[in-house]
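There are two complexes below, and they share subunit A, which is joined by subunit B in the first and by subunit C in the second.
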Partner chain A sequence: MSTVDDKANEIEPFDNKAESTSVNNGNGIAGFTILFFIIGFTASLFIGWIVFPKLLYSKKKQPLDFNHEMHMTLVKNGCESCHFFREDGTYSGVPKLAQCIDCHQEVQGDTGNEALFVEKYVSKGKEVPWLIYSRQPDCVFFSHAAHIKLAKMDCETCHGHIGQSTSLKPYEYNLITGYSRDIWGKNPKNYLGLKTNTYDRMKMNDCAACHMEETGRKSSVSTEKDGCFVCHK
Partner chain B sequence: MKIDRRCFLSLGIGATAGTALSPLPWKLMDDISIWSQNWPWTPVPPDGEISYTDSTCTLCPGGCGITVRKIDNRVVKIEGRKNHPVNNGGICVLGLSGPQLLYGPTRVQSPMKNVNGTFQKITWNQALSEITEKLLTIRAEGRSHTVAGIAGSSRGTVPALLQRFLTAYGSPNFYCQSSIEDSFSLSHIQPQNNKTIPGFDLENADYVLSFGTGIMDGWGSPLRMIQAGNAWKTGKTKLIQVEPRLSDTAAKSDEWLPSKPGTEAILALGIAHVILLESLYDQTAINYHSEGFSTWRTAVLAHYHPDKVAEITGIDSRTIITVGREFGHAERPVAIFGRGKGNTPLSLTEMSAVHALNVLVGNVNKTGGVFTLPEPNYISWPEISLDTKAETGLQTKQIAEGGLLHRLPSAIKEAEDSVTLLFVADANPCYTLTDTKEVIRAFKKIPFKVSFSSYMDETATLSDLILPNHSYLERYEDVPVTSGLRNPLIGFTKPIVNPLFQTKHTGDVIISIARAMKGSIGSSFPWENYLQCLKNGLGQHWNPLINNDVVEIKYVPEFEDIPRFAFQIPNDKPQVLLEGNENNMNLTLIPSDSLRLSSGYIGAPPFMMKTLPDTILTDNNTIIQIHPKTAEKLGLRQGCYAILKTPKDEKKVKIHLSQGIGEDIISFPRGLGHTAYDRYLAGKGINFNELIGPVEDTFSGLDVAWGIRASLIKA
Partner chain C sequence: MTQEYRKEKKYGMVIDLDKCTGCGACMVACMAENNVPFRDNETDKLKSITWMRVYQLNNGKSYPNEEICYLPRPCMHCEGHNGHSPCVTVCPAIATDYDRETGIVSQIITRCFGCRYCMGACPYHARYFNWWDPVWPDGMEKSLSPNVSPRMRGVVEKCTFCFHRYQLAYEKAASEGRRELRENEYQPSCTQACPAGAITFGDLINKNQAVYKMKKDPRAFRLLERLGTNPKIYYLSSREWVRRAGDNYHPDEETGIVKNHR
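== the complex of A and B ==
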């Protein structure tokens, strides 16, 4: 028969063993644990920053190519020659066939794109289904007149140097929302709110930031109101 | 070394941390929220240039000016036109729903031929040659008088073209719906055989006594009435509403007199009694404007003492005396007539009794009173040429005696082949005529029916050929407006958009048929097209109309022009009797009109149906209103179903209890129960016109039914 102390003695070596095993294994497991953590961490960073944006967007070609730079040399009134304000102050946006026809009733130059334009659209009286990089949701109210006419802003501030481009870039669109990639911008750092140019990203936070900077208010200058309903009508 | 559970946990934690530090969850969240606010299947109207064009609404007789807002070439909104003499910027729910009538599924998109009950598309050439051939054959057989035409109105160039065509063709059978204007005209003695129409200077009245007139419920020109009614509130004009039902007008009035239905004439005579007894009348004006006063005076004083009148009408005699005195003492009082929307004629007795009040106080042709206006005859076309066939045809008697449309169905049923071909323009008799089932039966007997409707309405559905007109937003047309306005006017519609479908202006169709028939018929239509004909017909009005869309025909009465009112000695029973046996049908069924329901030939568009409260329609059931005491007597409860029986038909209805209706009266919404149009309108509720039949006025022959006897039994 053993005493209580004997039992204690009997157990002790076992405990020591257990302890030493755990310490021995601990060094190996900790290494693995950290390794796996790093694998998980880097893989998800890679997926989140590199793969996901690639999967999220798809590309489409514009129905026709367009040389903004060349047109700018031909028109008198800069961007507003084609992207004009209507008499009532509303903004016309992308030109309709009616405006293009003014010059392109017949083929003028020798570019294949123009010939295609005249053949496919002008002669059939069909509007060109342009894919619009800056299309906004129907629930957003934005007045070009307030920004261009009243605040005297340049087109470039929001749209970049499109006027100097010689061809149209592919239209990249978000597969979930259907909206253009230009809204979030292409550079991954845009996601962090760090942008080099004003036009790199055009989310509503960017509108608010610019308004704050320029006017000290987050949203409307004319209504002197902050809040969702200034832009979301 | 072993890879165990902890490693995987660690991988997961690493992945979670990495993901959290990547844009993935945040961007995904943002995108999903954007997506959920912009469901790709939600229709988004395309952006474009905004433009506004002025025109005139033709959806009811109101003649409001409208401003149509377009984005590029698409109509997106109809607004009331500012500074228009009728509505000054106002618009009703029907006018507002106009775009749905343009783009909605109820449009007839091309000429259609009914082949064994199904409509097949045909070309305009096929349609026009078929109809022309038919007309030539009928005429060659010497039966030109069997061709008839129904128009929605007696005014305007399109009804006039149809009538002109029938005349040149040799048929006297042109019909249109009667109205209170007919009753008014008949109560006057004309200098010539002209028509006199009433014009109310309501904006300047200071005491308005309304005999059931739906001032806020769509009477006359509905928006003008609402605006006048609202101005009375601020200008302290008093409105007294005599009506058995607490209508919107009664609710807005200063005093509501819930008289027993059908006793309006007696109440008017009771009020006249007070005016006569207390000598509050204007003898000079009476001498100027009327005939037969003294005998009438004796009769009224003898038989219409307020106590007696109170017994019949249910209005307290003291109230009658007060109203009589107030009316007699007011500076610019006016009594106004026409129940509800005022689309049905009044008996000559009732018209005379009510209008006599105006004549008594001398407010005829005076500021704030009633004006006796001449018919606006502004169309100037060359004479019609008639050949012998036309002359012979025109000498035959009209199929419906007296030219009264409500008599046409029974005339057709009595004499087979009395009508061999019928044209229907801007009208829907298979819905709007009373005793509708019989109307449809008679209509089906006509061998060939041609509808000019832009919409698949009940009449078009039963026709053999549909020659669809452009919608009112796609065509030029004059819109004559009388509707109780102080000055009648000519409105003008013009194409806001190019025709969307293979439709043709009814005017053009009539002209081309006539010209294809050649001879005197062709030469009566010397115009190349409708636009030329319109320009020619409007003469001096063309330029102002094309520039401004509206011309007011200002009328300053000259003494010798003024038709004289004929005081009618009331007979023993000045009430129009109700159809039905009092013993087994002891309730009175009356219609209730509402601005939220269109009861005319244009069916309510979907927007309008959405505004109906569940005291009018629930689950496609018509709701009738009865007093709680009536319900108690009949063992009915709120919300239960009952069978409503009248001498004409029986229908299942749902009960709504209301203190706003007298005992033993049933109020029934008018404008429901369409069987045609689209799924937003068809099959919803019951058509009131099916439950009631025509009741003729003994003097004028007009259909003056204002209600019918009925019974209610729990279903």
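== the complex of A and C ==
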């Protein structure tokens, strides 16, 4: 019998408490909401900008460490000594063993990398499996000749000061797409769509922006920018 | 800095139907050049992908008055009115686009998401949908052209006038310091493959090129001209019924009245 009364007695003070807390802590809840939002927002940014890219990209070492700066002092024709145009106007890209052999038939200097190169690749006639930082997707056509010979651009505008580097940076690639990180860009500013140097990124929008600025062409009917089939294939 | 850039062009074809024998070499050359996928069983032509397709027309009469004519049909690269060709206008993804510089209707397969509006809009059935991922017979991957990106399941593809050949020709010209191509430097695969020499390709607005004179031939007509698609493929035929078949003439209409955008 007493249980019903007890319960009634218990409920009353509980109800009073609930009302009083909701009235007193109105501002406190809003404060907590903002605090949790800020914590959540910071955490998402931290995960999105720092943790996720670390998970998304993997690093590989180049098969050999190449010293561009040293080679630049030895060759006569700058970048084009090794990265040359073929007769049909196409670009040779990363040199094949055949070009290296011209000088490196035997070990010339005293660097370990050269000895390794001669031993592992030259003597066996095997191509060096270089990892290419600026390889574009299959649907992209890029003409070096149009940019170098006609538009008179420097290599540095897109590739940066590789000619002055003494060693090769690790090759980073996207684990999902397999593309090199140099396409997307590594500078954290890139996440905000900003870039410091012209060579920070090599995405489609970067190509399009430069084409817009330099050529002013508006041949595309749909976009009023340069045509799609200029770079796509 | 605005540089002097390439002159405006309108690449197009003149196909002489009096010369076409219907051999299909253009179709084969096109498929080989552009990595066009095929299946084991190609009997259902509604599902075949043929950027260049040879149609057989007949005059609807019975023997001995029956006549046939073969009509190769690539993409017409319609200019429409000021570049608004039917497919370009409907594409929600800007995957297909009209380039005022070359007059070529591009198809960017990485941008296409396969809604197929363009296929509905195209009055020439020049667009094809990839219902499957391409499967090549063993070893054939090695013979694919590296200049043309193979397509995946779920995207639309069509004739591009072998645009990769333009890119390569332009690259060669650029290495020699030229911005303009010579007529013979850029020719599509079908044009070069035609054993009868029925297909002529070039810049339709360049007075020095063969197609400029040929399109003014009295035998010339275009397909479905009255739709206003303003196509860049001209056909030549000395047979009146062929010219009439090109544009659904009413029996009362006189041949050649439909010459809108000439």
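Simple rule for what comes next: the second predicted complex is superposed on the first by the 202 of 233 C-alpha atoms of A that agree within 3 Å, B and C clash if a C-alpha of one lies under 4 Å from a C-alpha of the other, contacts with A are read in each partner's own complex, and residues count from 1 in each chain.
One rule holds in what follows: a residue touches a chain if its C-beta (ideal position, glycine included) is under 8 Å from a C-beta of that chain, and two chains touch if they have at least 3 such contacts.
Fair warning: this is a prediction, and the values are worked out from it, not measured in the lab.
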item	value
Subunit B versus subunit C as contact partner of A:Leu56, first or second or both or neither	first
Touching partner for A:Lys120 - first (subunit B), second (subunit C), both, neither	neither
First (subunit B), second (subunit C), both or neither touched by A:Lys186	neither
Which superposed partner A:Thr215 touches (first subunit B, second subunit C, both, neither)	second
Partner chain(s) touched by A:Gly93 [first = subunit B, second = subunit C, both, neither]	first
Broader residue contact with subunit A after superposition on the shared chain, subunit B or subunit C	B
First (subunit B), second (subunit C), both or neither touched by A:His161	neither
First, second, both or neither for A:Gly178, with subunit B first and subunit C second	first
Which of subunit B and subunit C A:Phe41 touches, first, second, both or neither	first
Subunit B versus subunit C as contact partner of A:Gly227, first or second or both or neither	second
Subunit B and subunit C contact sites that coincide on subunit A, given as residue numbers	88, 90, 137-139
For the subunit A and subunit C complex, residues of the former touching the latter	85, 88-90, 137-139, 141, 143, 145-146, 149-151, 214-223, 227-230, 232-233
Subunit C to subunit A touching residues, read off their complex	1-3, 5, 82-84, 88, 91, 94, 97-102, 104, 106, 108-111, 147-149, 160, 163-164, 167-168, 170-177, 179
Subunit A contact footprint on subunit B (complex, rising order)	1-4, 6-8, 10-19, 21-24, 26-28, 31-32, 34-35, 37-38, 40, 44-45, 47, 49-50
Of subunit A, residues touching subunit B in the complex	25, 28-29, 32-45, 47-49, 52-53, 56, 86, 88, 90, 92-93, 137-139, 174, 176-179, 184, 188, 191
